[in-house]
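Heads up, there are several structures right after this.
Same chain, two partners: chain A is paired with chain B first, then with chain C.
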Partner chain A sequence: MQQPASPQLAATGLLTIRGAAGAWGIPSSVVQGVESCDALGRTRALDVQALLGAAPTTPGQATRIVVLQVRGQELRLLVHGVLALTETASSNLLPLPPAVRSATPLLSHVAVVDGKPALFVLSPERLLEVAHVEDPNA
Partner chain B sequence: MMRALVPARIGQAWVLLDAEIIREILGGEPWLPIPGARAEMPGIVAWRGRAIPVVDLAAPFGFERLSTGETRARTLIAAVAESVVAVPVDAAREVHAFSPNELRPVSVTNLPYAVAEAELFERTLAVIDLPRFVAEILGGASLDLGREGIVIHAAAG
Partner chain C sequence: MLKTLTLKSTLTYAVLDLLFAPFVILAFMLLLGAGGNTDLMFVLIALTAAKIAGSAIYLNIELGPWERFARASSKSRSPELVQRADRALQSFPLRFGVFYSLTWIAAYGSGFLIVKGFGPERIPLPPQADNAIAILCTALLFGGFAFGYPLASTLTADAASECSALARAGGYSLDRSPSSLQLRIAAVAIALGLGPMLWMVSLGYIKQVESSHAERITHVGLASAELALAIGALSPSEGDAGLGRVLTEFEKRNVDGLLLESGKPRGSEAATRLFAADPELQRWLTSAASHGDDGTRARIDWPHAIAFHRIDPQRVAVAVLRAPVSASSSFVWSSVVFTLLVGVWAPVSAYALGRAVSRPIGKLTAIARRIVEQGDLKEIGTVAVSTNDEIGVLTEKVNDVLDLMRDVSLAAHAIAKGDLRAIVEGTGELPDSFRGMLESLRGMVQQIRETSVELASAAAEIFAASQEQEAAAASQSSAMVEISRTMDSLSESAAHVSDAVQGVLGNAERTLHNTDDMVRRIGELTSHANRIGEILEVIRDIADRSDLLALNGSLEASHAGEGGRGFALVASEMRRLAERVTASVSDVKKLVSDIRDSGSSTVMATEESKKLAEGTTDAARQITFVTQQQRSGTEQVSQSIKGIADVVSQAVSATSQTRTSAQGLKTQADRLSSLVKRFELTTEAP
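Now for the complex of A and B:
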């Protein structure tokens, strides 16, 4: 007797950051590493919280630099909060509607957990564009 | 021709919304705040496998706006302005059909986006032009998406 095919949903890895300003994630496929944060590192990194319209990151023990590799270029993000690696079914990553994408272009998807929207997913490509605007030599 | 309207309460104000644009009436739906969002479109809900914006009528009405973590008892899912949006309200009732002469020009109520008034529940309710409100928020033109039945998943109240 033939076994019924079990549905295999493609999984997407996310690095999630949960901080006082909210929770968000980034595809783990572009994450090269996580570094501790020193004063020099801070000056060379994009402050994600500030880019999202929240209060700029105040450096502390939970502050890290997340190093990304996007389209062959290194991108450094200043993040503050609890970092975790997680996997979610691709079907749980919902693209944002156009009106929201135009209002918050750094965000591409919302991750749903138990049917509830749980965190926003950053677009690495848009972050790269922002990095070029902030530093034309990047 | 009769016009079907859904009574909904936001804060202390009962208003009427066109039933033909309401796709579902849900209970209180959890929503995720959009960082730096305007009060009229504060967040996102998940509905039928898609992310849809929350629009808060309390903002233009000058009522207490949705704050992070707060939900209202009912969520209207409306198809307007080429989009589907979630409209949290404090209560919703069954659809009422109004004849043209039951709908009068706005004279008693004083709410933005009011286009007419009607008597219901022994009071005067404003008929709110939700498509115009949503179109202004989303920056797009309003579009008639046609009629589909309303699915009510939560007890009206």
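Now for the complex of A and C:
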């Protein structure tokens, strides 16, 4: 099945997460807020680290819940690492090759920082799909 | 088997009495002319039984000490008991011999008195019966002694030997009076000679009296017949003158004549008086003459005998013989002479016989006494042998013993001079034992020789060793003195150590106290650090929340676009502050953690220090205790060392004495060796 073409990002803001499992980002435009992991017990959240194939996240001091608003639906992501807001030019967001995208459907772009690929950008839509797959009621 | 000596003796003498009594009773009754008198026989049997009973009682009294000895157990046989028993046994033969003889006299003397008591009408006794019984009793006296004395000696020989053996085994001597064998033989010989001799004399004497009585009866019968013939031959014219002449003739023959004519006596005056005095005689004559032509009337105890002879129917001639019965003077004199001869001859013969027996025994006794008291075997020589009887054999054997003793004496003399080559001939236990002793002596001398050499060598070694030991002991003595000083010094050091340890103990106890205080303070510090950690956690939470707020603010600012840029800057700055606070809190938490770790380490170290301090305290206490014990022990050791020093000093002295003794021992060994060399052994050249 052919993957749909990655839309051109209008925003250049990224919420970056740098943790032990790597560094990745998510467009800040879909980020509604960040909560502490104290609220983890009350709501469900996708463990991004586990989705990316790394070890599942163990809740701790550096664990946050990032609240996304994708297509009018709220999506909660469990992340671990240092969170930061950064600005990058649209040109620095490079779409992934189709073969890579088919292998890693959660990633949509590679962000270049200072002329070098620095981090992967998650696709909020794909995360929403995964969330629906895992919880049809989500 | 007779159990006691008294019973054995009683039965022996009873048998002897029963053997001899019938003969004596028979002789006694014949002697008294009472052969058919059963009353006298029973009296004599009863007297014999009484004699046996009397002998038994006397034996029981005499042998009483021996019987008490025999009944006593071996342990209770004291020397006094043995002495009393032996004294009784030694005196018994003579005393009982005399007693036994006297019992014979008493029995038959009493019998004679009883017979006399019967009266002459029942048993007429000859006028000389007293003499005959006296001789018979004398014969019984000697005969009884001749049998009683040797038999008593024989009966008591074994018992006396047992006493002697017991006394010799007990190591004491018996109180025995010396007695003469010769005298005893003489006494027995006299008794044996006179006893039968007097016995025969008494029997012969009484036979003489009886013969005299029979002769008197014959004589008076003949005299009456002769008187009847003489009177019958007278013519009537001769009348009374002729009768007087005939009677005068008969009076010369001690015959008083009497003519009984028609019952009227006519004759000599003595005969007439006799008839007048004895009506019984007159009645007998009248009665006998009326029945026969002749008759005799005589009794052994009468001094006369009467006989009658008929001359014619009206006349009877009566003869009265005035002659009492008596033994012939020749018999009496010959008996006296023979009795005197036997009385003299028997002692002489007994003396000769006793001397023949006792002289060689006396010689042998003297030799034995010389051997025992003087021991001069060389001068004794050989005892002459004069007979071939038991004494001669004994003398020969004594000579053999003397030869053997001389050989042994010579050998012993040679041995005494050191010549062990002596040879002892002969067989028997003594020469065998002497040869064995000599052989042992040779072996012993040989061993002494070898031993004396070894002893001298050993003495020399002991001397050398004792010298070395003396030097070593002296060195030890010095060492002991030095050790004693060292121990004194050690004791003082122990006292110093004890004092120092007391100080250590005080310090250790203070350290323990300080350590406890430190642990308590570190605990407080740890508690404060924990409190700081809690506060830091609050600060970190606040900073985290601030960071979250700042992040959300930045997001809001970015959503707001250009209008939110200023806010974004503030939020960004706020996040940096929050991050710095978080970083500082992390640093402070690390510091607090380090403080707590340090506190824990310090507590652990302090616990170790506390344990060390407690260990030090215990060790100090133990050291104090040990030091005190060491001090006490050191003082005891010091005292012991001083004692050892004294002992070693004594050992030095003793070793010195040992050295001196060893020197003396070597001298003695050399002297012994030289002494032993005096002995000449058969294995060496003489």
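Going forward, the second predicted complex is superposed on the first by the 122 of 138 C-alpha atoms of A that agree within 3 Å, B and C clash if a C-alpha of one lies under 4 Å from a C-alpha of the other, contacts with A are read in each partner's own complex, and residues count from 1 in each chain.
Here is the rule we go by: a contact is a pair of C-beta atoms (placed from the backbone, for glycine too) under 8 Å apart; a residue touches a chain by one contact, two chains touch by 3 or more.
The structure presented is a predicted model; accordingly, all values stated were derived computationally and were not measured.
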Figure out whether A:35 sits in contact with chain B (first) or chain C (second), or with both, or with neither.
second
With both complexes overlaid on chain A, does A:119 touch chain B (first), chain C (second), both or neither?
first
With both structures superposed, pick whichever of chain B and chain C touches the larger number of chain A residues.
B
Output check: A:94 vs chain B and chain C. Expected answer is one of first, second, both, neither. What do you get?
first
So, does A:13 touch the first partner chain B, the second partner chain C, both, or neither?
second
Touching partner for A:104 - first (chain B), second (chain C), both, neither:
first
Classify the contacts of A:64 with the two partner chains as first (chain B alone), second (chain C alone), both, or neither.
second
Quick check for you: in the superposed arrangement, does A:85 touch first (chain B), second (chain C), both or neither?
second
Going through chain A, the residues touched by chain B and also by chain C turn out to be none
Contacting residues of chain A [partner chain C, same complex]
13, 15, 28-29, 31-36, 61, 64, 83, 85
In the complex formed with chain A, which residues of chain C make contact?
540, 544-545, 548, 551-552, 554-555, 558-559, 568, 572
In the complex, chain A residues that touch chain B
21-22, 52-54, 91, 94-100, 102-104, 107, 109-110, 112, 115-120
Would you tell me which residues of chain B are touching chain A in their complex?
30-38, 41, 43-46, 49-53, 83, 137-140
